[in-house]
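Reading through the structure tokens given below for one structure.
Chain IDs A, B, C and D follow the sequence of writing; residue 1 opens each chain.
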Amino acid sequence: MTAEAVLDLSHPPSKPFRETLARLLGHRSFVIGGFLVLIVLIIALTADLIAPFDPLRNAARVRLRAPDSVYWFGTDHFGRDILSRVIHGARISLIIGGATVLMTGLFGTLIGAVAGFFRPLDNPIMRLMDALMAFPAILLALTVAAVLGASVVNVIIALSIATAPHTARIVRASVLVIRELEFVEAARALGASEARILLRHVLVNALGPLIVRLTYVFAIAILAEAALSFIGVGPPPPAPSFGNIIANGRDFMVVAPWITIFPGLAIIVTVLGLNLLGDALRDVLDPRMKV
Amino acid sequence: MLGFLTRRLAGAFLVLLLVSVLSFGIIWLVPGDPAAVFLDAGATPDQVERLRRELGLDKPLAMQVVEWYSRILKGDLGRSILLSRGVTEAIIERLPVTLSLAGISLVLSVVAGVAAGMVAATKHGQPVDQAVMAGALFGLSIPEFWLGLVLIVVFAVQLGVLPTGGFVPPTESITGWIRSITLPAIALAVVHMGFIARMTRAALLEVLSQDFIRTADSKGLTRLHILLRHGLPNALIPILTVTGIVAGSLLGGTVIIEQVFSIPGVGRLIIGAILSRDFPVIQGGLLFVALVYLTINLLVDICYAIVDPRVRLE
Amino acid sequence: MPAPLLRVDGLEVALASTGATIIEEVSLSLEPGETLGVVGESGSGKSVLALTVMGLLPRALARTRGNIQLGGDELTTLSPDAWRDRRGRDMAMIFQEPMTALNPVMRVGHQVEEVLMNRRGMSAGDARRRATALFERVEIPEPARRLAAFPHELSGGMRQRVMITIALAAEPRLLIADEPTTALDVTIQAQILDLLRDLQKERGLALLLITHDLGVIAEITDRVLVLYAGRVAEVAPARLIFDAPAHPYTRALLASRPALTGPRDRLVSIEGAVPSVGAMPPGCRFAPRCSFAIGPCMTAPPALIACAERHAAACVRVGELG
Amino acid sequence: MTRRITWSALAFAAAALAAGSAMAQKKGGDVVIAITQAPPAVDAHVTSAQAARNITLHIFETLYARDEKAQPQPELAEGVNISADGLTYVFPLRKGVKFHNGKEMTSADVVASLERYRKVGASATLLGQIDTVSASGPYEVTIKLKTVQSTFLDNLSSPRAPIAIYPAEEAAKAANQINYIGTGPYRFVEYKPDSHVKLVRYDGYSQNPKATGRDGFAGKKEVYLDTVTFRFMPEAGARNAAFEAGEVHLVETVDGPTAKRFANNSKIAIHKALPFALQVIKFNHAQAPGNDVNFRLAVQTAIDMEEIMAIAFADIYQMDPSWLYPGSHAHNDAGKARYNTADLKAAKALLDKSSYKKEKLIFMVDSGRQNVDTATVIQQRLKEIGIDIELKVADWPTVSKIGFTKEGWNFWAHGFGIEPYEGPASVMSPWVNGTSQQAKDEKIDRLFDQLNREMDVNKRKALFTEFQQHMWDNAIAMKAGNYGLFQVATTRLKNFTPYRIPRMWGVWLE
């Protein structure tokens, strides 16, 4: 044996929360991304206060107004203010994104953890996940949404089904690595029940990759909501979401491009913020994970 | 190598079997049937019922399952209700369209993405790197269908330099084909370009930081020699992985982009089938897409084995 | 005394970002045919020292002070490409991890041949013959067949032999070996060390052997340089290090050494930890862990004090503790 | 339809030009028409979709066809002899009519086609009263009815799912499996799914000798163009841009703002196909509160019909209480007082009398923009009197499935295009047996029965007027107004006038 092994003090395996936070706050992507997402979040939360008009109010007099000093983003063919609709749209888009993250997180973790921890179930579960992943996510979401019908809840379900398999795979991979580690063995030796081990140790340690993945899922969900709306299986009108405002402007793309352009920019800002956050989280929580 | 292939193929076959169950099952959950598409709003339920019988939609589930499997095992995907042709035939008709769109987008995004990623990696930490990465991330955040719409407004409507949609087969006119495919290919490629650029950069940075690069450096070899003979061959594995992912993702992307640009490809076939409940086409189309997806993955796996001698042993 | 082949003078390497130093005021000289062991625990800067001499410092590090002369030529003023040109031909290096140090997707034969072709201008056929001969020399069985192998197809010992072949291919005068045996089994370790020693004798190489294993030092080095936290703690002929260590750190290091007969796993350790980069104590860097530390040790880093012929230690209490 | 007042000027001009031949018609040219949907089939019998009709009525012909005023005129038949009891129809056939495969049409083809339609026809009820069809000679077909049906010739000539005459060997094939061989002025060339259908001029076409000029779906069908391609372009933006780029010569429908933008372009002619359909809002009478006449009347009273039309069909609508198109012989004003009242106060009073208890109601529409707009405007409007509506948007198959069941919907809006064109019986038919409102209405059933047996035109009009009054008085269903289509064409396309399909006979390219 060597002097190195003796002198080299081993670091504790998990970094304290404080240190992680400090590293995140020092990460430029985290600051910019966080700022963008926070802005969108605040807009969504205060939509009722800051939107200049009722996003649902029809006003035939002002149909298809180009952006001006009153209607900053112009109006649609109902005469509804696009700015107000984008502001309120942030709310539904974030709800869809957030709920998809929750559902995907919950089911992806559950499926991945079960597959990773209970070996007999691993193969059947993961083959099913492979089968789901054998479709492009958007096609899968579209099919599911078409089956279920267009509603906010169904869009969330469709997106969760499309994103959960990949998440399950990530969780399973983490679980497989961690369950072989010493401290899990130790806990098992001490007589902790399987379920407790699973929850207390494995999941806590698989959290890093999961958080990173879910941040990207949020971004994916926002993009996919828009795509589903475009095909006509998104959240139903008249309540605005980023996607259905664009879908609504489709027939007027040439004469009133503002209906299409502004919610698109809102999507870009939101998704860019989420991607930046995801990159920062990846750098800090899961440095080995690829883009 | 042979054992490796057999194992991969067996795995793919199992997944395909599950996919066939899923694609058959999903249509039984869809409300409505193709009869509605043949009839207008004034159609009465007994008219619909007649048509259902005529289209063979009233057979019991068990019978349809048996028919489905006995057909697909023979490689026959059945007959479209709405297109008056076989599903296989319908897919093959559209395949060149989708493949040329996805193929050109893939080439565009791989060439531009790898080049950008390599520039960024070699200029690691410098302003060029940061600019490329910011651009890549921005590209990654754009909804592709929205970009398609914007491209139509700008290039087709405002400037009038390219068509707004439709597809000209290369057999009809090469310039027409290029013109018709340019905007959709760009709309599709931008997102993936960003993705590939990020991956290439990350992969190359990782490779360039590895010990064997230092070994090569210690031999006194030139930088170019090291980059080309030691760096790139090793970065090829992750780049191949991304290319595989991108090829799959492009397949998904074409579904939407074909819709935006009215391009008669496989994606529109399937969406159209979903919206009109052309069940054989939905089933066959989904099965086909999964087959392509799995084939891409298999190809990527085989490429690994060629590029990375370590894989062959596993 | 023959003119030294390698001469390092007052070398300082720092983090490019913060300017915190990794090594400071490191000087050494190495004659042709001589073996100098550099010993220290991880973080002592011994690998950095080797990489600096080779001109292979990673981007995050920069040489901030000091000179490096090879055969009388100043290397530090050379352009990166000129320095690169010295590598392989004048000096070569063997790395610790033969698995990662070899290109995993290139046949090992080619990894040797590319040196011969690019650095010695050999034709492909000559390079192949020469590589076969070299493989034979480093005692790789069935050399012709092994040339076509990929690194993962070889054992650790074989890989390190390949590494040695690569280093020797361009016939350098200086060979730097950074922990060449650490990653290997004990029996293989001895074989590789023997091989290195034979080759060095045979070719009159100057060998800079970096290790944390005092056993290796005892076996093949002529002189030893002890590094602690980036500074030279002691430099002495190999025999004297074991018989009359002058620096308290060297003593502690020796004390923590496993008895050859004892169990090899748990050892007596030196209390405390190596100070981290950027948080070095103002005085002697070992002072916080040193049981002999006195007032002056805390204020300024001690200079090397000669205590015998070719023996010096950086400790203010060198005389007292003898 | 006796006269299309709204574009009478155009029609007159066109008629004058056609009659006078003042312009030099040119043979040749290829026209591309952008249509919004792919046809579900090119087998005319099996589909009543507009997209199919656009194409099939260029390829196929019927025994009788509707003229410009939607009256049945002999097409492939020479005429008809109806027996005194009204039960036997003898159709002498035109001789020398050649199918696209070169064979001459005989009674065997007609019989086979009619029999096929009775089996697989999308609107097989059109022939529901037929007892037997037989060939009474090589060029004569005899049809016997079970009961007297005043609308039999109307039915036979309906363009809804045309009762096209196929060669007998094609008529023997199952639905959607035929070769597309007809007697029409154009011959089928290819169907590229998701892309286009291409037709070429049929040079062997035999003109109806009695015809004088272009006349609805009947009349003279003189073809100057070489080919016509129907391109399926569901994206409005893509259609419009393709048109502007010159890739397409005629667009089936453009939205109001786009039409307005094109209006300044001297190379573009804007045509209004108005009226093209009624915008209809249905109630589900099987569910509370739709079963309550006071609730339905409250809704009808509250709605600002003009707001709906102005938003959903900007610049291309007519306000009209009638369930038939202006100019149709039975067109009338019954129910006018209840139409487009937009009276929130009166509506609130009616609502208070109703059984509505603030529950959430479902307004179901397909994802077509105009129907979603209609639902959205109504939802916002009814919110003002405290009716809580949730929109449920789905694709057409889902909507049309649910819409004919008793559950899952309270309101449903869609267009009603071909029925008012076909005439009173077709408009009434969806409400018979409670099919569309999901609750049987004795009065409608009785009126429909009487109409079917009544051979006198004026008495039929009276019956229909009574039906219309009943619809409005009880708010069985509502119509918001008549809407039309803006069709745009290059000015190079000469002598084009819109009709229920973009007819490509009598037109030429310059």
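Rule of thumb we're sticking to: contacts are C-beta pairs under 8 Å (C-beta built on N, C-alpha and C of every residue); 3 or more make two chains touch, one makes a residue touch a chain.
Since the structure is predicted, the reported quantities are computational estimates derived from the model, not experimental observations.
Chain pair with the highest count of contacting C-beta pairs: B-D. Chain centres here are C-alpha means, and the one lying farthest from chain D is C.
Here B is the chain whose Cα centre lies closest to the centre of all protein Cα atoms.
Separation between the centroids of chain C and chain D, computed from CA atoms only, is 91 Å. Chain A and chain D, compared by their mean Cα positions, are separated by 46 Å. Distance from the chain A centre to the chain B centre is 22 Å, each centre being the mean of its Cα atoms. Residues of chain D in contact with two or more other chains: 235, 237, 240-241, 394-395, 398. Residues of chain B in contact with two or more other chains: 30-31, 149, 152-153, 157, 259-260, 274-275. Touching chain B in their complex are the following residues of chain A: 127-128, 130-132, 134-139, 142-144, 146-147, 149, 219, 223, 226-227, 230-232, 246, 250, 253-254, 257, 260-261, 264, 267-268, 271-272, 275-276, 279, 290-291. Of all residues in chain C, those touching chain B in their complex are 54, 56, 58-59, 84-89, 92-93, 95, 97, 100-106, 114-115, 118-119, 150, 152, 163, 166-167, 170. Those residues of chain D lying in contact with chain A across their complex are 235-237, 240-241, 255, 257-258, 260-261, 307, 310-311, 314, 367, 369, 372-373, 375-377, 379-380, 390-395, 398. Note for the complex: chain B touches chain D at residues 30-34, 36-48, 50-51, 54-55, 81-85, 90, 93-94, 149, 152-153, 156-157, 160, 163-167, 259-262, 264-265, 268-269, 272, 274-277. Within the complex formed with chain B, the chain D residues making contact are 38, 40-43, 46-50, 119-120, 122-125, 160-161, 174-177, 191-195, 231-235, 237-238, 240-242, 244-245, 247, 280, 394-402, 404, 414-419, 426, 429-430, 435.
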